[in-house]
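Notes for the one structure printed next.
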């Protein structure tokens, strides 16, 4: 179940990042150790050479979903490492990334995420997975 | 030494990707197994919440530099995996990614890349490193 | 539910690898896209300097569990990439690795795995996670 | 140039790990940010099913070389993440892993390593590469 105060906090953080505003990221779910992100497809500035979603955008959504999931339990974090597996061509009218904390330590938070491409039928196809290591930042917490 | 026909081919590929046009990627070097990419910093649509270059953009540059390096020896490729290490805040007036092929196999090409942030002094600081696995696509080759 | 013929095939493959015999790997479950591996802890030849299970052994179990999970659907495979996240000190009387296929393609199989340390109480603690990319080998299939 | 006190310290650490003694790891070089490790091939307990060096042993050498390189600048460390690219069948009479620190931070040390297989001719073939993230441990330093 979505935690409304956490969701509002993440939505505010999301609006504070210029790349996220450009991409149209929307935070659609937040709970302890979980976050979900949505983005509509735009062919005019998000494609790679074959017309699929660019790998950089795939990485951006996965890394951001991991970071927001981490933020729900550890406050402000910075990504120090992330990896992406591209499983299928990322083609859809919109994209949904779901992040989940695997282990939240004091020095490092481990998270993973899945990226789904929403088809015209509404079906969600898994197109990529990712892992991230986030480092909590010693500043006043997220909230 | 730059291979002009390879460079021209990569520049054409680069222009064919809408994300790359939006980001302003410029291919500035190509040789067998090597490629270099540049991008000017724009605070209004490339930043994360603290104002550094967004991790997604870091990943996009590293993955693209790896892909172009792979393309110089293996023709059209698609990224199946990439990973990113964020070593330092990505702050600079422009960014340079240098990709290099480690091993070009028939089924998989392994490449790595470094991302430098150009300071106002002109100095290049290493801010991130990445690895990618690219899969050659069975279509007419790049060249 | 365990698929007995698949399990027997993997157990035979497992016995054919000298490292696996030395480590005492036992394949304890196999089904389409899934495999489980067990290993008893031996302090005299499996430890790192602090007395935990060596990271190399952690990687070996995760990679092998991924490879066996892949083999259930794709026959003989070779690992081309794997990564390991060490979440907690790997301390226990035995270790259990559970591998699962995320996506089985023709050229690459993506799998992930979890490693649990069995405590004296019998409790299983998650101590590491891993991802692997396996390449199917063009020889007569596993079965 | 090898730093003899650093080398002696790493050799002592190496002897304190039971897995490293079993594997016959020898530390053959150490300098600020660098370490080299050697291991002789043994077909009776180090092979995977096709008779190559087991991926777990590949990972163990790469991770250990990264850890020792990190230890030269940051003292005691623990691996929190490592990844391995298997470029070619790991076949040789002995193996050499060379680790190098990319960036040593206070919370995380980034290192990479290359694994070479020594042929009967004495030639060193690159068979695998790896990356690791090491976390400094707050105990009395390595030296």
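As written, the chain order gives the labels A, B, C and D, with residue 1 at the start of each chain.
Note that a residue touches a chain if its C-beta (ideal position, glycine included) is under 8 Å from a C-beta of that chain, and two chains touch if they have at least 3 such contacts.
On a predicted model such as this, the values are computed, not experimentally measured, just so you know.
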| item | value |
| --- | --- |
| Most widely separated chain from chain A, with each centre as the mean of CA atoms | D |
| Pair of chains joined by more contacts [C-beta pairs], A-D or A-C | A-C |
| Between chain B and chain A, distance of the C-alpha-averaged centres to the nearest whole Å | 22 |
| Centroid spacing, where centroids are CA-atom means, of chain A and chain C in whole angstrom | 29 |
| Chain centre separation in whole Å, for chain D relative to chain A (CA means) | 34 |
| Touching two or more other chains - residue numbers and ranges from chain A | 80-81, 83, 85, 133 |
| Of chain A, residues touching chain D in the complex | 80-81, 83, 107-108, 133, 135 |
| Contacting residues of chain A [partner chain C, same complex] | 83, 85, 87-88, 102-103, 105, 110, 112, 126, 129, 131, 133 |
| Complex contacts: residues of chain D adjacent to chain C | 13, 16-23, 43-50, 54-57, 59-61, 63-64, 67, 78-86 |
